[in-house]
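Okay, so chain A shows up in both of these, paired with chain B first and chain C after.
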Partner chain A sequence: MVKFLLNRLAMMLLTMLCASFLVFAVCEYTPGSVARKSLGPFATQQQVDLLTAKLKANDPLVVRYGRWLGVLVGAIPDPLQDPSTGLNFKDPRGAQYFGNFGYSTLNKLPVNDVIWNRLGNTAILAGLAFLLIVPLSIIFGILSGLKEGGALDRTLSVICITFTSIPEFASGVFLVTLFVILWPILPGTSPLTSDGGWAIPYQFVLPVAVLVIYDFGYVARMIRVSMIAVMERPYIRTAVLKGMSTRRVILGHALRNAMIAPFTVLLLQINFLISGVVVTELVFAYPGFGRLILEASLFGDISTLEAATLITVAIAVVTQLLGDLGYMLLDPRIRVR
Partner chain B sequence: MATLDIPDAVQVARTKSQTRSNWMRIFYSRTALVGLFLVTFWVAAALLAPILPLPSPTDSDVMAMANPYPSAAHWLGTDILGRDILARLIFGARTVLSVAPLSVAVAMIVGITMGMLAGYYGGWIDTVISRFSDIILAFPVLVIYVILIANIGPSVMNIVIATTIASAPGIGRITRGLVLGLKEQEYIAAARLRAENTLYIMLVELLPNCRSMLIVDACLRIGYTIITIGILGFLGLGLPPPNPDWGGMVKESVTVLNVWPLMSLIPSAALVSLVLGFNLLADGMREAWKP
Partner chain C sequence: MNLIVSNPQGSAMSGSSPSHTVLDVNDLRIEFHGKSETVVAVPTLSFRVKAGESYGLVGESGCGKSTTAMAIMGYLGSTGVIAGGSIRFEGKELVGASARELREIRGRQIAMVYQDPMSALNPVKTIGSQLAEVPLLHLGVSRTEAMEMAAAMLEDVRLPDAGDMLKRYPHQLSGGQQQRVVIAMALLARPSLLLLDEPTTGLDVTVEAAVIDLIGELRSRYSTSLLFISHNLGLIAETCDRVGIMYSGEMVEEGPTGDLFRRPRHPYTQGLIDCIPDITHDKRSRSLAAIPGHIPLPQERPIGCFFAPRCTGFTAGLCDRPDLELEHIGGDHMVRCIRWRDMKRSQPAQLAQIGKAQVQTQAVAVSGLTKLYKLGGDRTLKANESVSFNAAKAEIVALVGESGCGKSTLARIVTGLDRATSGEVRIAGENVAEIQAKDRPRDLLQSVQMIFQNPDSTLNPSHCAAFSIRRSIKKFGIRKGKAAIEERVRELLEMVRLSPAIANRKPNQLSGGQKQRIAIARAFAADPALIVADEPVSALDVSVQAAIVTLLLDIQREKQSTMLFISHDLALVRHVADKVVVMYLGKVMEQGTVEEVFDGGTHPYTEALISAIRSPNPDEKRRDRVHLTGDTPSPINVPTGCRFATRCHRKVGAVCDSVAPPLRKMSDTHEIACHIDATELRTTPSRYGALGQGRA
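Here is the complex of A and B:
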């Protein structure tokens, strides 16, 4: 078990390294340099060239990636914070510490000052959505999986397929038209300040609804497949033939077994929700992590983008590991020795 | 109910007429028919776009800008620049219905190749391909698209590249799973014994047996890709302007949603109907072809 965990941990680190290198390499396609982005559009070419030379931004890709990694683990100080650059970039944590994501050229602030706040906001949004997705998809999945092809199954399946066909921006448009314009009971933006006259809890309703609509149908379909497979097992037939009530067959025998496979699917939705929040946060002007990723990619803010990538990939690999561990816990048949 | 064990020989001995009736079986499913209808409707609209009596999708009707509601001249009204929404929808369908299937086709070719190699050879080839896939699959899908397109720029070619990078690992994983199950079958052993070359075994023996699963998957992926292209358009990363693009239409008009909601509602509804079509079709096929 210890060996399994160590193995997985090494794989997780390797995955994050590769992912961050891929992002680094892709960002090299951006026209415009780090120096130009730090100095702003009004700096002269001479100033830009000077800073480029100071930052050694013309070194080969691998060297620069190594330097970025060095700054991240705290082995070398962040070159952008060097007073000789004249940029006046100051990180209150110092220029050299473990977990230094560098300086955001977009926000002109240390990445660590920006990103955790945004991540927290998104965690609330995604967490609320998750709290609704889990029970909704379980109810829909179990009910439609009880009798495959029955009237209830067909109805619920069509509902689920329809909901999964509505991307976040479309459901955003539909819901805002309904509940903000035609019947104004909810705010159309969610800046998380009550300046607009709406209390903060109201501001969560539409963004959460948009996330739930797009995602729960998919999870419900997965749970349905698993439920169908369980309902065909001999032990269910035995239970029915013994004269057990349907209720006890479902709650006592089918449910726990049907939840094993979807458990992983549910955990993977955490990763999926990060995709979802990009659009949702743009629609509702929500100050979250997804919008930060979008803004950073559009601006070419490599430091922020790298930090965001590492965080999302870390979330993905950790949920995968949790999924596998939970899987073993739930199903004794697949325990690793 | 326990699943029946059909001897492999029976499955192999499927004749051509049975294959045809497999396709016909789709027509018995009501969901598949509705899906087929929606998809056919948009495909027909896209194909007929040049000969339909539509106003130009790019010309502004200045007179209509003050009153962009549906009228006899503009059946679905006009957008903020006075361009006919119906014409833009139909010409937009041409873009989305050519880019999405093209991207998925390329992604399927790459993904199936990856999955075949990993599943058939196993060993270090499998390890390398699977590890690489794991890294890509650890990214949230939309983040891959946003990072790639924001950096290499929006164009048909780049959307195809981004779709391939984002979807091929998933397709590869499905194919690998199918191939792992199939390669122990007797007819594969027979083909090896006949000294058929590997390419023949992959293309003639393995691929047709993965067919139904992969067609369903492709159909679902076309739906997702249409959504993604729409999202990219909505994020301002869509195809460059003269091409009408559904997501871009929503982006342009969402700022005036409280005044003229139709401008955003119509392209959103169009996108949902097309994606729904592909999803229902995929579901119908899966039900019809269930082993």
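Here is the complex of A and C:
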């Protein structure tokens, strides 16, 4: 078990290295852009060249990547914070510490000051949505998988397919029209400040609803397929012919087996909810992680992007690990012996 | 057609005490309603099971026997419908019973044992919780009481260490153990009727023997009635009091076991009995009588007698009358054949003309062959360990043994699908043990051909049947030119007795027997010197099996090809082989000519295998059964001394556990690996003998 976990940890580090290098390579292919972005569009070319030289930004890609890594693990100080650059970038944590993601050229703030806040906001949104998606999709999936092609199955399937195929912005606009304009009981934007007169909990309702509508149908369909397969297995017949009621057969025998295959799919939704909800965040002006990534990549804010990459990869690997552990819990056949 | 009802039970000859009827199936009609068509699986069926009785329902696949069992349990799926008739259990009507009524009967009063125990058990729940459900559900006991009952029941089905067993999951058990668990589960609520649906199909023969013994013992202890469904006549003959033979959804013959097997009246029953190989005859003394044709699909059933297209006694005007009924022919014996009085049982053909192959040129020599699979860590799976044997030209060498004995691995090495770890396989003098198929020169590939258990693995579903034959001819350049190739394809189809019309059909339009014929034609298309046949007929129905075996033997004799015949069926091996190699856990236990191995003086393991064979012949002396305990150990943890030591019933002592047994030379051709010395081995009684006088 320990070996298994260590193995996974090593894999995670390796994935993070590869991903960060890829992002680095793509963003930094043209040297010197860091200096230009740090100084802003009004700096003279001379100033840019000077800063480029100072930051050694014309070094080969690999050398620069190595330097970025060095800053991240706290081996060397962040060159951007060097007073001699004249940029006046200052991180209250100091220029050299472990986990130093550098300075966001977009926000002119240390990345660590920006990113965790945004991640936290998104985590709340994602968490609420996930808490609803899990039971909803299980109930829908199980009920429709119970009797393939039955009336219930067809009704639920239509609902799931329709919901899944409505794009997020469409359902967003629709819900806003309904609950903000026609029947104003909810706020149309969710900046997470009480300035607009709406208490913060109300601001979550619509974004969460959009996410749930968009996502649960997909998971429900996965569970349905798995449930249909399980209901045809001979051990279900054994259970029925033991004299068990349908309810007992489902709860006692089918459910756990039916959840084995869709379990990963369910967990993958966490990844999606953390980094893939840009549209919803944009529609509701929600200060979230997805929006931060979008803005950073449009601007070319390499430090923020790298930080975001590492965080998403870490989340992905952790959910994967949870998935595997969950598998083992659900299915005794694959437990490490 | 209430013939059964008109006959008062307990009449003259059965001599049984007047017992009441537990299950009364009357004019039952089962249909499956598909989207576009309705399939009548069972047109009309009647039979009764009396209290304490064991009733055997026999038939080949598709005859409706399992469907009948499911109808009794009220579990026909969403498309199955009971379209007529009644099923009465202890006087209660089950057809149309409410879900609630059914729940009270299922598991409590009628319980079931299934064909494939692995899939019948829920993989994610412990044995304990699955067992405890039954008393919890039906007996209103507490959880702890239920667990105690489960543990007690596990001891009753002879599973060791019940407490530990309760905590295990199904995949941690062997097939035999799993089936014991299923049996325990079925008996926990003390049902009055137990349905056994092919309970031992798929289990190894020695394990099967133990399970059958167990069922018999538990049956008398709990005085449960049995409805035993099987295609295995021998098994039914031994375990049942009365037997019903089903054909295409109908009962064609029914009677007390001894009477029915001694004097089968229906041509189908006679054919079934004659087409199974029996242990007392080999290919030189008897050829298997195959039933021509195949079982009709429900929509192909003729009017009148369903067996008519395959029956030699068919008489127009008599057999095609729609009102054919089960007719009493004395005692409880009933037959659905209008001409039963004329249907004399054809005597099995006695043939003596096939002499032994005379000149013994060596064709295949396997020596010291070892195959290890590294499983990571320090675990190795020993699939084969120093296996040695020879096969002469035109000889059939049978490799027998139960699952995990390494016979299939050996076949894979010979054919180049796998590579030996060490040792030699010489084919025509050349060592091929370590040359895989992709590295083998074309003439070597051509000279070794394989026939698989499942013909689908060699037939491409999207090409017509003749395609694979044609490709084989082209690949090895047997014939050149389109016309010559087509000519050859036709010859080969004729050789396997298939009409040329079949050549253009897709595999899914062919029956299992036809597919296997195509596979045989494909194998022989290459004019091979060696044929490796891996369980070539074990997936087929018995009546089809006989035809395929006979065909294979004919072709082999004509072509003078050498054959490695891999099988777990000893009676079949007895019928087919010239030489037998018995393997257990990767090692050769015994080898010799077929007479030497089967006629007494054998290895304890062979003795057990032979004793596990069941014959439907009621006059054959009941053999003393060797009762083996336990299951075959895993090939990863093989016993250090004799491989068979953990189960051997003749174990000499500690020496068996620690020292590998020496090879006893019984004759020039007969070798036995055992610590028992040759003279004592020689006195091993023959486990089947001359026909005795009736059953004990």
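Definition applied: the second predicted complex is superposed on the first by the 330 of 337 C-alpha atoms of A that agree within 3 Å, B and C clash if a C-alpha of one lies under 4 Å from a C-alpha of the other, contacts with A are read in each partner's own complex, and residues count from 1 in each chain.
Note that in this section contacts are C-beta pairs under 8 Å (C-beta built on N, C-alpha and C of every residue); 3 or more make two chains touch, one makes a residue touch a chain.
Please read these numbers as outputs of a predicted model, since none were measured by experiment.
Look at A:Pro234: by the touch rule set out above, it reaches both chain B and chain C.
Judged by the touch definition given at the top, the superposed model places A:Gln47 against neither chain B nor chain C. Legend: residue contacts after superposition of the two complexes on their common chain; A:Val278 is shown touching chain B, with no touch to chain C. Touched residues of chain A, counted separately for chain B and chain C, are more numerous for B.
In the superposition on chain A, contact is made by A:Lys242 with chain C only, not with chain B. In the superposition on chain A, A:Val317 makes contact with chain B only, not with chain C. Once the two complexes are overlaid on the shared chain, A:Thr15 sits against chain B while remaining clear of chain C.
Shared contact residues of chain A, touching chain B in one structure and chain C in the other: 234, 237.
Touching chain A in their complex are the following residues of chain C: 73, 75, 78, 102-108, 111-112, 114, 116, 119-125, 133-134, 137-138, 169, 171, 182, 185. Here chain B touches chain A in the complex through residues 1-3, 31, 131, 134-135, 137-143, 146-148, 150-152, 223, 227, 230-231, 234-237, 247, 250, 254, 257-258, 261, 264-265, 268-269, 271-272, 275-276, 279-280, 283, 287, going by the rule given at the top.
Remark: chain A residues 11, 15, 18-19, 22-23, 26-27, 29-30, 149, 154, 157-158, 161-162, 164-170, 173-174, 176-177, 180-181, 188, 232, 234, 237, 271-272, 274-276, 278-279, 282-283, 293-294, 297-298, 300, 305, 308-309, 312-313, 316-317, 320 touch chain B in the complex.
Here chain A touches chain C in the complex through residues 147, 233-235, 237-245, 248, 252-253, 256-257, 260, 330-333, going by the rule given at the top.
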